[in-house]
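Shared between the two complexes below is chain A, which has chain B as its partner in the first and chain C in the second.
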Partner chain A sequence: MLEAPRPDTLLDVRGLHTYFYTYEGIVRAVNSVSYRLNRGEITGLVGESGSGKSVTAQSIIQLVKAPGKIVSGEVWLDGEDLMSLSHAEMQEVRGRKISMIFQEPRAALNPLFTVGDQISRVIQLRENCSRNVAENHAIEMMRAVEIADPERRAGAYSHELSGGMCQRVMVAMALSANPLLLIADEPTTGLDVTVQAQVLDLIRTRVRSAGSACLFITHDLGVVAELCERVIVMYAGRVVEQGPVAEIFTNPRHPYTQGLIASTLRVDIDKPISTIPGTVPDAVHLPSGCTFHPRCPFAEELCRHEEPSMVEAGHDHSTRCHIVSGRIEKEMLEEAWELEAA
Partner chain B sequence: MSLANNDSFIRIRNLRKDFPIRVSMFSRVRLRAVDDISFDIPRGSTMGLVGESGCGKTTAGRCLLRLIEPTSGEVWMGEQNLTDLKSEQVAKMRGRMQMVFQDPGGSLTPRMTVGAILREPLDLHTNLNAHEKDQRVRELLSQVGLQPDHLSRYPHQFSGGQQQRIGVARAIATHPDFIVLDEPTSALDVSVRGQILRLLTRLQEELGLTYLFISHDLSVIKHTCTQVAVMYLGRIVESGSTDEIFDSPAHPYTQALLSAVPIPDPAQRGKERLKLPGEVPSPIDLPPGCRLYSRCPYRRDACLQPGPPLFHIANTHSAACILVENSDLNREDNALSAYSQPA
Partner chain C sequence: MRLLQYVAKRLLQLIPVLLGVSVIIFTISHVLPGNPVYLFVGIDTTPEEIEAITKRLGLDKPLHEQYFIWLGNVLRGDLGDSWFTSESVAQDLMRRFPATFELTTVALLAAILLGVPLGVLSAVYRNSWIDNISRGVTLLGVSVPSFWLGLLLIYVLFFLLRIFPPPSGRIGLLISPPDRITGLYLIDSLLTGNWKAFSSSAQHLALPVMTQALVTLAPITRLVRSSMLEVLGSEYIQAARANGVPDRQIYFRDALRNALLAPLTFVALVYGNLLGGSVVIERIFAWPGIGRYALESIVVKDYNAVQGFVLLAAVLYVLVFLVVDILYFVIDPRITA
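Moving on, here comes the complex of A and B:
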């Protein structure tokens, strides 16, 4: 039996495995992933393309597309194991308890209905209210996400609105169901920076005021630093490091996290361009041992053979590295990433 | 125009590009994508052209190479006025000016092997014999950090970063002098982006290349360019050396753009920012005044007058804002009061 989760834990993901069965072989897109999300907190899920961050989110709402399959794992939301629910029950959870915001808002909206219709439909389903009431509520929601002139904009179709405006509509729609959990999958990636700043503000204030939890998927460490309380770093289907945002940025322990931070360019600081050598490994033929070892400047023999397990690296901070666990005695020097520059 | 400045290899003068937009069967309106822009790029340096989507930076880059025809204005490369040339003469010049595209996969022909892709520009622009071409292709591969056995592979067999290396190899195949880099790293992962940026810098040093680097990403511009021009709705609103733009931005748009970039340091969270309300307005039939008027916190009636031109600030630094001319010292206070009440 499971231990009682902490009272502020809303989502508890345990040992999640999602595999894709392709002609080339099995892709372990999500490999033994475990984490918790707390109420009222925004958690950033960071990784490069192919690291499994989007599939992790799809697994939570059980919308993994074939040939993908959730192989094992538990997903506890507010004391309920989502994996044990029937298809119909899960459908209820998706509408009422979990909402999702996608990367391309225009593709996620139905082009044949006005945006006001789409938001009020969500409200009608949840509240079982009349169409009139729902429409008024929808306009209120649009006002809450700072859409100017919501009465007129409610009658617009998605193609008549800009990308930033469509994303506001998505946020309004996702939050109109008052979800316990909001999953945002790269919601600002296609937007301009000045508009991105507006949408991030909006997500921050709405999540805070609703007391829900938010899983914010992104590849942009700048956005994480600005928005999130906690960070989960994924690499090749595994969580390699997680902890509070200040810890991860000031005291990153996994070499991949260190490399990621070192290679992030900043507008406020001049520094040489560092990079992580090599490329993200082929998902079908993952390297043996620690999947990061071919790109790691600190890798030793042990890293090639044995996969490290998650170890404590500080208060509420854990990572997956033989050096941190003490199996290998070695110092991780920051210069290693700079040397790579030569 | 005479050679006023010997250092300037690329000189753009009053470049303009209009697109006709059909609004109904009989009426057309004009969309001015690039509105009277001028700048110089010294030989061997990198000019950054930065702005948000729809500001005309890609259109400007394509006009420079005459991939699309500019409506008016002049583009000089060395002592050659490219806008004077007939199209067959431009085709001959293409070997000297090349482009690297944003989408590395989409800009490579999927049915051609890497060897064939790299040989094509050599067939078009050089008189090398078959053996010399083979040699050149191998040399190109090693210059961009790929292996000789990659020659017979197809683009889809490579990762995004490797595909962009192929795109770069194709661009330098004919020994060009000038390359337009159109968002060369925005489709790439963070850890790979640095590799491509460093490759571009190394090739520039080795081959003496002149770059126009088009990007919406200010952090990339800061780390690769010597000079920067900021565009908004078809116009250059500010230009100067990279240090001038990033350390003392003068135009409200540049200030807002810089302050909107998320900083990867949680300690800096919650710092005071200059935020622009709303979004970029439609570029069709714009009023004559300052393009930023509808979003600018410092706006005043004088901003609706035609213009403003670029006002000189220091050395190479200039900005198109009447407040720069008047050097209004109380702007900080104005900004905060303009935003104290929510929209």
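Moving on, here comes the complex of A and C:
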């Protein structure tokens, strides 16, 4: 059941399915995923490795690597369905309306071209301007992301720069487009903590001031709490819970979200870290019913057979759980996690 | 400036390498069993005469002294005389090397000009018809021996179809070669405006070049394809795409340069090998190159000629790798002086 998009909605993903056709079978990496991103907001997309976060992002810009294929779904960006665009039209969207920042900044830069060259080429392609103008613009962008001495750094190759510096270059390249949507795929994973904070700050300032939206993929809930307005939790290719950060962190409804939050290290409470038992299920042979049921301390017979649908769990907060929907009458007690861990 | 420094450094490094090569060549030819003096003497030569000849050839001196005499001669360009052609080995090699150089270089250029685009296309359109055709061609090139391919081409394109001239060397029997400037018939005939010689030598080059090129093209294509596939799957290509770079630029600008790094070493290896002469192809096409010269010299135990040939081949090999190292230095900024 989809409501009409609200006016501040920038990206509206509806019923996205992306499957990988492997020898072992079909991997449903993104399985009926729907969510919306609002202008001026940063939305965190969290989940364990293999939950389908990155493939969701790749599906939005239609750069899913083989043997992956977008099977169905709609991706509305600013009132336009990207799925209906041709290959060439989509190329125009990438690097203009949507930009992306990657997990490994050094790997994301071509080793044989200077970073200034790479930024100015993207600018030149987009603006159709002269080489000189593009180069100046590139240096401006590098200055904007606080790269010291940008004139000199523009002539450097990726191997000559630190990881943090490379990520700034990627951010400069991505933001030079003034994109409507910025997708950041774990952009701070490989960076020092201090550099991490600087890069996050950079993304936040630019997104807020430009009124664009940002999809921030991470498995770090601390970063989400600090940076994002909304959060989407994915598990085994499905969105299991989404809502405002404040709401989700204080009142997580899905057992998986509860487990994730309970398993983050907190210095203010003297409590052992609990873990979610088990691992992410084998992507080819997903469990029946609710895919989380083998790891869920509250699972009942119904969870093994019937997949729960998305239900309202509060204002602008929805989740996929039989207990929340009331199909199962049960109290979700926090102690269950500790029992499970012990 | 950085480049000059690098080139200078690499050139200096060549000195010990070449000295090492010369020691090995000299040692091997002097520890080989058999006394070269006996090649000069008849059955009725007296021991005194043998001793005199040994003395005249300097073979009575200690080995290291002989080495320095030999090295001095080599440095002056004197590789000794061939006992078989009774001419100076240096001159023999200089006369024959352009033939090998011309054949090898044209064949390698053809293999690169065909193999690289074919490899790129097979990677870009993986498992498409073009990939399948390229797979067929390369399989043929890898598995068919060059002597058989050469004979087949002669049979079909000369004997049956009469498209190309018979395998009678570098130029038609009744056509005089162009005046020697570089020794390369194609270049010399162009420089002297000798169109008759140009067309004849181009036609004579065709079959051996085809044979050599097809054999060389196969591995180049496969290497470029696999290297290109690896690069196309890399993060920076994904990032370039995400930044809206069009496909054509992705393939030919972002990917190709990276994808050529690995095959470059292979090309150098092949070129270095081929410059030493391809015995099989030169023999089949009666090509007067250094490969055939080496073979003939070995058969008649012409030590000076063999020694000279091995030295030339080694020097060429080292030079090719010098050029490739410099190319790498220019292409790949990660390599530092």
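Following the convention adopted for this analysis, the second predicted complex is superposed on the first by the 334 of 342 C-alpha atoms of A that agree within 3 Å, B and C clash if a C-alpha of one lies under 4 Å from a C-alpha of the other, contacts with A are read in each partner's own complex, and residues count from 1 in each chain.
One rule holds in what follows: a contact is a pair of C-beta atoms (placed from the backbone, for glycine too) under 8 Å apart; a residue touches a chain by one contact, two chains touch by 3 or more.
Here the structure is a predicted model, which is why all the values come from computation and not from measurement.
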item: Which of chain B and chain C A:V280 touches, first, second, both or neither; value: first
item: Chain A: partner with more touched residues, chain B or chain C; value: B
item: First (chain B), second (chain C), both or neither touched by A:L260; value: first
item: Chain B versus chain C as contact partner of A:P297, first or second or both or neither; value: neither
item: Which superposed partner A:D192 touches (first chain B, second chain C, both, neither); value: first
item: Partner chain in contact with A:G40 - chain B first, chain C second, else both or neither; value: neither
item: First (chain B), second (chain C), both or neither touched by A:H159; value: second
item: Touched partner set for A:A107, first chain B, second chain C, both or neither; value: second
item: Partner chain(s) touched by A:E92 [first = chain B, second = chain C, both, neither]; value: second
item: Sites on chain C touched by chain A in the complex; value: 233-236, 238-247, 249, 254, 257-258, 331-334
item: Complex contact set, residues of chain B against chain A; value: 52-53, 159-162, 189-195, 197-198, 201, 216, 218-220, 222-223, 246, 256-258, 260-269, 273, 275-280, 343
item: Chain C contact footprint on chain A (complex, rising order); value: 61, 63, 65, 91-96, 98-100, 102, 104, 107-114, 121-122, 125-126, 157, 159-160, 170, 173-174, 177
item: Contact footprint of chain B on chain A as seen in their complex; value: 48-49, 146, 148, 162, 164-165, 192-198, 200, 219-227, 245-246, 249-250, 259-261, 263-268, 270, 273-277, 279-280, 341
